[in-house]
């Protein structure tokens, strides 16, 4: 594929702006850039075709099954997009008088109410722009809380070794030392190890439940109690909330603070890597520390709360990824109480169905019922046939299916983590099962074909070592 | 397996070579480079830094992993090997030529294994 | 109730049977009963698509959309070409995740590579990442990049957007760096004061270009002062202005960041926008976030991959200096399509028209008592003083469908004019203000 720079022809351009209708202002002496700005010189037809060609070499949920574990790639309803494209949302300035922003502020307050009820939290801020940003906000809440009490000896955050990499990274960004605790045999928190790890220096625990191996940790109340009794707070990573919405709430499991990935659980599209929205919710004891500004209801008016002595500060410009919140709000209103619960139930049913249908030809890392996702281990396949998790993943691409998450969680060797989500039909699941069974058979009969996959894509496997050793990060003219 | 007899080793797979003038070279073993796979980047300390026995003093990156390299001694870095900064693949092609740092003023030394002991240790681990 | 579940009840039963399970509830047997929700969620019943759309439409209409916007302060309404909206609404771009699987994501990866190239061209810097959340978090991440063992002080211009200053402070509360504000003098950063402030432990200096008041800063001098103290210079740039003014690289900056919203994104109540981030090659491995690189595939064909991943949280975990994972890829795509549509000349035209119209309007305002607060050269924003009934004046504009400048205090207003506003609209605004003043 040509780069857009390679389509460039000198002096080709679009006509987009009228002539300047006022006298031109001249830039002061010495201020002008001397380095030429080399942007593509292309026509509208060039641009349209270029990006259509790029789009053909991309794969979204719209193109096919996308069982990327831990990422909840459910279908993105179009009405959400339509709502977020309303002029009354896209064309309002963030610094307009609040009286002219009542709809936008109401949208934020309503989203907060609905999502707090779903998670069992008391308040929520939509300022964080993505999951990791929400994690950072959540840990900063914990930090602000301890500091407000003069409890400065709490310098450690406990994170299980099965956690997403963002958890320890977020704790580190907030200035905490990370204590990693090993998981037990069924992938859950090892209670004894946790007891040994907590103490006067414990600021908090970061956990997701169901955990990253797709199992609901039934000891969760005991776990959160251990941390509370040590004086720490419990942080819930909302990455896996899709499994339990309407069934059980993090707020009822003993969690004090939570982040949500609206771009996972609440169906907003991921856009090839963002924008997301990492709403941070908390129990009322942490509300005074939430980032500001925050939309609140005051009588029958909506307004922005801009000052609070205890707030830990601001996360970004303005109020967060507002249009993403609009999409999530549209989704929650569409599904309603019963639809939210049903989404979780069918997500879990779909995962268990796939797991069951594959159990005789793939080794499951944690047999038994799973929640919304399950983890397979290709460790023995690799030893026996030389076919790795990566090879199976690449082979799935030839079946038009986006591979599951590979090599995560780190506690499972040669892991493939499959999350079908609730929006996939039984036919789609059956096709994926058939594809995976096909690959399993090929692994035994013709391992080489699996190892050399994919065979149907615009490129074969790229040389990642070369990319990292001699980085070429821009087009050279 | 390639384990030069004149070197000493650690259980975390570093080697150390006595240059005879109070200076030592430190690198990683052939076993370590093989386990780590194609290396793409190396982070080294600066000249003049003090590195501490049994603590990380450098790290190496492959495409999908980053690993700490532990110092067998407490000492001062006299020189770093800029060649491996530019071409980390030389560690893969010759782990015992691709020293990371030359150190001096050694004040503390960890328990080290002879080549024979290291080989036995590797066999045990496998 | 709306639902996106496609399997029928009969299919669900069939699936349950295969699993060997009587009900879906049985699958949740690990959830202790005393903890599970024993009631329906207390949220409204689901709505049909038609009803929900009506509901959202009504909500959106409770906001006022101003026909004319003379307010910026971090969010700028420029003209967005039709091709931009068309391209970025392609479902393949909208509904993809981060391009982890290069073989089936070449389109996304190449679009990011092209974006990175455009940002390098715009800023003059050597390398760019795939974007971060917004201009403020980009500034905060840039500050964190400069932290070294013996250097942990960040100096931020008091002429920065207040949101940038606050965001940097939040991040620094976490990473232990200290923040000091460089004072303002006649609407610009006081560089003499900066020279006196910098000392041992200085990690970086952040200077906006143009600054919050629209004024062009002397970045070259700032770079010299900063580098003399052994610190790094971060330039926080308006990307439209960069089409005409000296690039951060030409001025000697080590890192260039900025709010990318003006590049084809709607103002949308503050987001989603994107933060662009570019640096010198020397700082490349400290850049946070996704970076796409060119390589070859097994058969020697040109290919693109996410690269330098060992910097990132999923590999470095608690040793990663940033936790960023999702960025603003789709917004970056929007910015890239905008830049392709505009081209260098078009972008220059946007900058020149914005600046020219701002100056035209400032002149009109000065004729009716709104004097420029500062004397220094400015881009498309400026501050006026001298009229006491500012609140009344702005309210009058609002009544006429014009969002006036941002009131900074009792008699200072921060105005912004972009190319999207016509001379006619400016004349109308001036006439209304003149009427109020009488």
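For reference, chains read A, B and C in written order, and residue numbers begin at 1 within each chain.
Convention: contacts are C-beta pairs under 8 Å (C-beta built on N, C-alpha and C of every residue); 3 or more make two chains touch, one makes a residue touch a chain.
Here the structure is a predicted model, which is why all the values come from computation and not from measurement.
Ranked by how close its mean Cα position lies to the mean of all protein Cα atoms, the top chain is A. Relative to subunit A, the chain whose mean Cα position lies farthest away is B. Inter-chain spacing, taken between the CA centroids of subunit B and subunit C, is 44 Å. Here the spacing of subunit A and subunit B, counted between their Cα centres, is 38 Å. The distance from the centre of subunit A to the centre of subunit C, with each centre set as the mean of the Cα atoms, comes to 20 Å. The set of subunit B residues that touch two or more partner chains comprises 40-41, 61-64.
Of all residues in subunit C, those that touch two or more other chains are 308-310, 315-316, 319. Counting partner chains per residue, subunit A has residues 464, 468 touching two or more of them. On the subunit B side of its complex with subunit A, the touching residues are 38, 40-41, 61-64, 88-89.
Interface of subunit A with subunit B (complex): residues 407, 464-465, 468-469. Within the complex formed with subunit B, the residues of subunit C that make contact are 285, 308-310, 315-316, 319.
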